[in-house]
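Take this structure, written in structure tokens, and hold onto it; I'll ask about it next.
As written, the chains take the letters A, B, C and D, and residue 1 is the first residue of each chain.
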Amino acid sequence: MRVSLQDWAVEALDRMDEQARDYVAEPAMDGRTLADNEAAFARRRVRPHVLAGDADPDTSRTVLGRNWVHPVFVAPTARHGLLHADGEVATARGARRADATMTVSTSSSRPLGDVASAAGPWWFQLYLPREHRHREPLVAAAVEAGAEALVLTADLATRGRREAALRRGRTGFPTAAAAVNLAALTGLEVDQVDEVGHVGPVGPDDVAWLAGYGLPVVVKGILRGDDARRAVDAGAAAVQVSNHGGRQLDGAIASLDALEDVVAAVGAEVPVLLDGGIRRGVDVLVALALGATAVGVGRPVLWGLAVDGADGVAAVLDLLVDELDHVMRLAGVPDLSGIGRDLVVP
Amino acid sequence: MRVSLQDWAVEALDRMDEQARDYVAEPAMDGRTLADNEAAFARRRVRPHVLAGDADPDTSRTVLGRNWVHPVFVAPTARHGLLHADGEVATARGARRADATMTVSTSSSRPLGDVASAAGPWWFQLYLPREHRHREPLVAAAVEAGAEALVLTADLATRGRREAALRRGRTGFPTAAAAVNLAALTGLEVDQVDEVGHVGPVGPDDVAWLAGYGLPVVVKGILRGDDARRAVDAGAAAVQVSNHGGRQLDGAIASLDALEDVVAAVGAEVPVLLDGGIRRGVDVLVALALGATAVGVGRPVLWGLAVDGADGVAAVLDLLVDELDHVMRLAGVPDLSGIGRDLVVP
Amino acid sequence: MRVSLQDWAVEALDRMDEQARDYVAEPAMDGRTLADNEAAFARRRVRPHVLAGDADPDTSRTVLGRNWVHPVFVAPTARHGLLHADGEVATARGARRADATMTVSTSSSRPLGDVASAAGPWWFQLYLPREHRHREPLVAAAVEAGAEALVLTADLATRGRREAALRRGRTGFPTAAAAVNLAALTGLEVDQVDEVGHVGPVGPDDVAWLAGYGLPVVVKGILRGDDARRAVDAGAAAVQVSNHGGRQLDGAIASLDALEDVVAAVGAEVPVLLDGGIRRGVDVLVALALGATAVGVGRPVLWGLAVDGADGVAAVLDLLVDELDHVMRLAGVPDLSGIGRDLVVP
Amino acid sequence: MRVSLQDWAVEALDRMDEQARDYVAEPAMDGRTLADNEAAFARRRVRPHVLAGDADPDTSRTVLGRNWVHPVFVAPTARHGLLHADGEVATARGARRADATMTVSTSSSRPLGDVASAAGPWWFQLYLPREHRHREPLVAAAVEAGAEALVLTADLATRGRREAALRRGRTGFPTAAAAVNLAALTGLEVDQVDEVGHVGPVGPDDVAWLAGYGLPVVVKGILRGDDARRAVDAGAAAVQVSNHGGRQLDGAIASLDALEDVVAAVGAEVPVLLDGGIRRGVDVLVALALGATAVGVGRPVLWGLAVDGADGVAAVLDLLVDELDHVMRLAGVPDLSGIGRDLVVP
């Protein structure tokens, strides 16, 4: 019986083939940052309230103009075809059932239109193609398909080094996990986009350009207050504190440890999202107490997908939200605005 | 030969069946808080006095108007029928022999009258039934049976998740461990009370209402100074710093780490009790040095009960008190008032 | 080949029988303090000097009026007959060869006269017998035999609990390790002194009384500045920071961590000795940098004794002093007065 | 496939014979300092920039008047003949290919002239022979052969104790690893120089004397700001923060932890080099952020040499520089001057 995300992880990793396991589980280099993402939560301690009323917790919050039932969303991850025959379509279905906004990756292994049809509210994660002529159609397609926000990944100036794959000499992906979406929209061959199509630095001008599409722009991969400031000044409607799940700069600060600096810089103006290391409802509580508006989950969604497709995705998300409801009751907080800084030991 | 509580633990866990072991040993979720309860003591270091006189240590203290021979009491735990045929009756006998006040749980698996007859001084731990019509008879019975204080558990807004039991798909308890006391007093069926009868938040009004019975009310499950303040303002005669043995909110602060904040808030006005992680006489000394008036032990009492019934309970408590006497001699403190803050490294 | 004290430890523990091993190695209770004694040194880091001249290090220092070749002395340990047929006589011979002052224990398993004859300069460690009529002859004999100082053990208000021995149900010692010295001097039977003869608290009056014999009195077992102050005010000529090798109050602060408080209190007036956890020359350097005048070693001497009698004792002490000379060269300090506080990272 | 320095280490240690492995891998004594050298980097966390432009990182920096392509140089290590038939000649070839300045050791197992011919820019590391008549020819030969700087090792007042070798009773080195360079230049026999020729303290006068040769003098082995100050006052053109790879004073502060004190003292005036624990590009980044001008690598070069001679040396250095370029991209810094203190969490 699966009663924790860890149970899902164990079963999922057991079912995956080697390439999928490497892709889902592997951090960059020594994994210092991935381990620290989780450890940063485990180090924190909560000071729960008692004698605090008996309301059923209200987990809802308005994020970028839409009312969310709960503050958990699906962080962008790529190539779901490695894990399930229906790929991102299954993920989108599961997220919708769990009332979770899904971030659809540029590197989706299913066409954007198919994913959008299956999804509830969704955001589009954008890797900015190097060549400008490829950018327009990509973003236009996302807007056309109904994305409610554009999530610009800012921390992929170059691809992180996941050394297990390098050691195995593996390059490319199987057909089922091809970045068909990006290929279709850019007119590139699938194996071109894999290697050269969409990795490179982004700058404030790119944020400003993207904001011109009229959708809220979320800049993802922020780990410093000063960068958050620059993102917002360039037109970002939100920032996402993230180290790319420990897959990019190994040695980077844990997401949770970077949060308060970013909140201090821009938290009064825009939502501050966070991903990285969320494995328990209490982790959601801690992130919100330190100032996050909402939290994204990446690997846990993939565990659900690998084990049981859309049902698994929904189950994983439901479990996490249920744990949040559970810990809110135990911490005596009636709603998300009641989750203040002093709920966590300094 | 059993020379430490740990020896009792090993033997007890070895004798128990799986369900009993799960019930006694298991923390909520990942066990972060349970481990931290014990680690918080192991991290502390004592600065013992020498050249300090040769009086035999006086471990006595007045608590809620009664003179105690020592500052160790039996924290509330439930369903002793899982561990011994005589259940709470045996526990009460053992506690009496060891001069320890026993807290009898609402979820006693033996009728309150039987337990009270076997006990020395005892307190009644109260889970507040959801329905008000069930509350009166429960409290009235405890008062009638001679409880000297009412211990209101404040940290069971919902039941903590002990995942080993969930994973095994286990629900309910064997007949020997049924909450017969609660059932009898509320008129509910035994299997109703198990699941729905007595879990929910309590508020300041409940404290005030309970104080109306004329007995001192101890609010248990406090981990913050501001909550302690509110409990006392509502009429509590004492507070008990506790995280429910790590069985409720996993990630909650260790009891010992929460103590000083509570003592600063209300320690000058009411006794501050503490449970969670006490395994050695030196742990008692440390808790008292940081401001606790007295300390409760839960699991160790159950180990004694499982190994040797009332004799085991008495032996475990005697051992702990004997260790306290021992470390007081070695620390050069003549009585409990001599155990000051500066005895422990900051 | 034995190139470190650890090599001696391994070989010694391998040669000992169970009782000897328990006696030498075992800490009180959980061994928190014993482990911390060593860890406190391992945590410290040295900031060595270079460009500091090429003098051969001078390790000498005057301690209580006598010039020592080096600052390492033999801390008191008892019942050497458990480890070698010649007992303390062998230890004394080895210490003399290594130019180390030996502290002879009240619980010597060889007559004081025999040990004194074999020793170079030596101090007498005193457990104060409960009955005053036993004290006089004990101290008088030590003075008569030529002790140069009297080391009053202050931390044996009661005997620490070494649980391995308790678990084995062992009581008493074999004849070879009997406290013949104490028995002879007090007129008690050997098995009486083992259990009741010499355990109990000591007070400032005892220090003053002892100082009346005209020899310098070292109060051993001090872990706080205020106690050091009281010892000196009562007439102590030196204090010895010690937690009895972790054999008394488990949970007590590590010797090294207690040192600076004691030095701040009395270091300007009297020598501050330290024992507990010294296993390397760099440990000696660190203790001296934090204000110790000299350091005692207990277990390492017993390792040497068990492996090779007097030769082993001398070899162990020589090794440690040689390591001190070695690290003084590497740290660029010409003599002990050059070992200042800033040599160790705060 | 070797994708990290650790991969090279594993393969290299597997290929070496026991003596080579001991020589390359072994720290002094307990290895506290060696472990801490690496741990000091692993403890640090980076706060990378995003939205930071898309320039290819410029890793160049001017060091002691020469423009370096990157800030990684070969720290001095001795007796490369233990690892490869071509010894230091192979190392020099590899370093040249990787555009890395090589520090050639006094204890080179190949004649200086041969090494110099194979090298690109190189520095000469000097162990100061005890007898002054041996110093002149040694330095003169280095100047003559084209050394661009003289690196005076200041932390070999005596030889560190590497206990594995002592335990094995090993003395001396095989012919292939003999210090032929030193022997040739001093006229000593090879087995004389091994043991007595070149170990001893150095002082400010030695720095001043050496500076008289007109080449920049780097004083290596500095771990304190005050010593750095004295070195510079005596004429040093640079200092090298180092604890000799944990091979000298075990217990000495980690190189990285000593860096900031040295930078504060002399960083505004002279380059501050650092070696010890560099195993990843991110480690280089961290060292530079804390104020290092450039970093030396010792063991990793030997791993490369042992596995694949000059090619291996070049590959290891290229890998490290490539990782530096990689992390600079991910951290959003365009050049070395952009690597500021605030890139690393305090």
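Keep in mind that, in the parts below, a contact is a pair of C-beta atoms (placed from the backbone, for glycine too) under 8 Å apart; a residue touches a chain by one contact, two chains touch by 3 or more.
No experiment lies behind these values; they were computed from the predicted model shown.
In this entry, subunit C maps onto subunit D through a rotation of 90 degrees when their C-alpha atoms are superposed, rounded to the nearest 5.
Homomeric contact subunit A/subunit B: same residue numbering on both sides for under half of the interface positions. For this pair, subunit A with subunit D, the centres built from the Cα atoms lie 43 Å apart. In subunit C, no position touches at least two other chains. Interface of subunit B with subunit C (complex): residues 1, 3-4, 7, 42, 44-54, 280, 282, 285-286, 323, 326-327, 329-332, 345.
Across the complex, subunit C meets subunit B through its residues 29-30, 32-33, 36, 154-155, 157-158, 160-161, 163, 166-169, 200-204, 207, 219, 221-224, 227, 230-231, 234, 248-254, 257-258.
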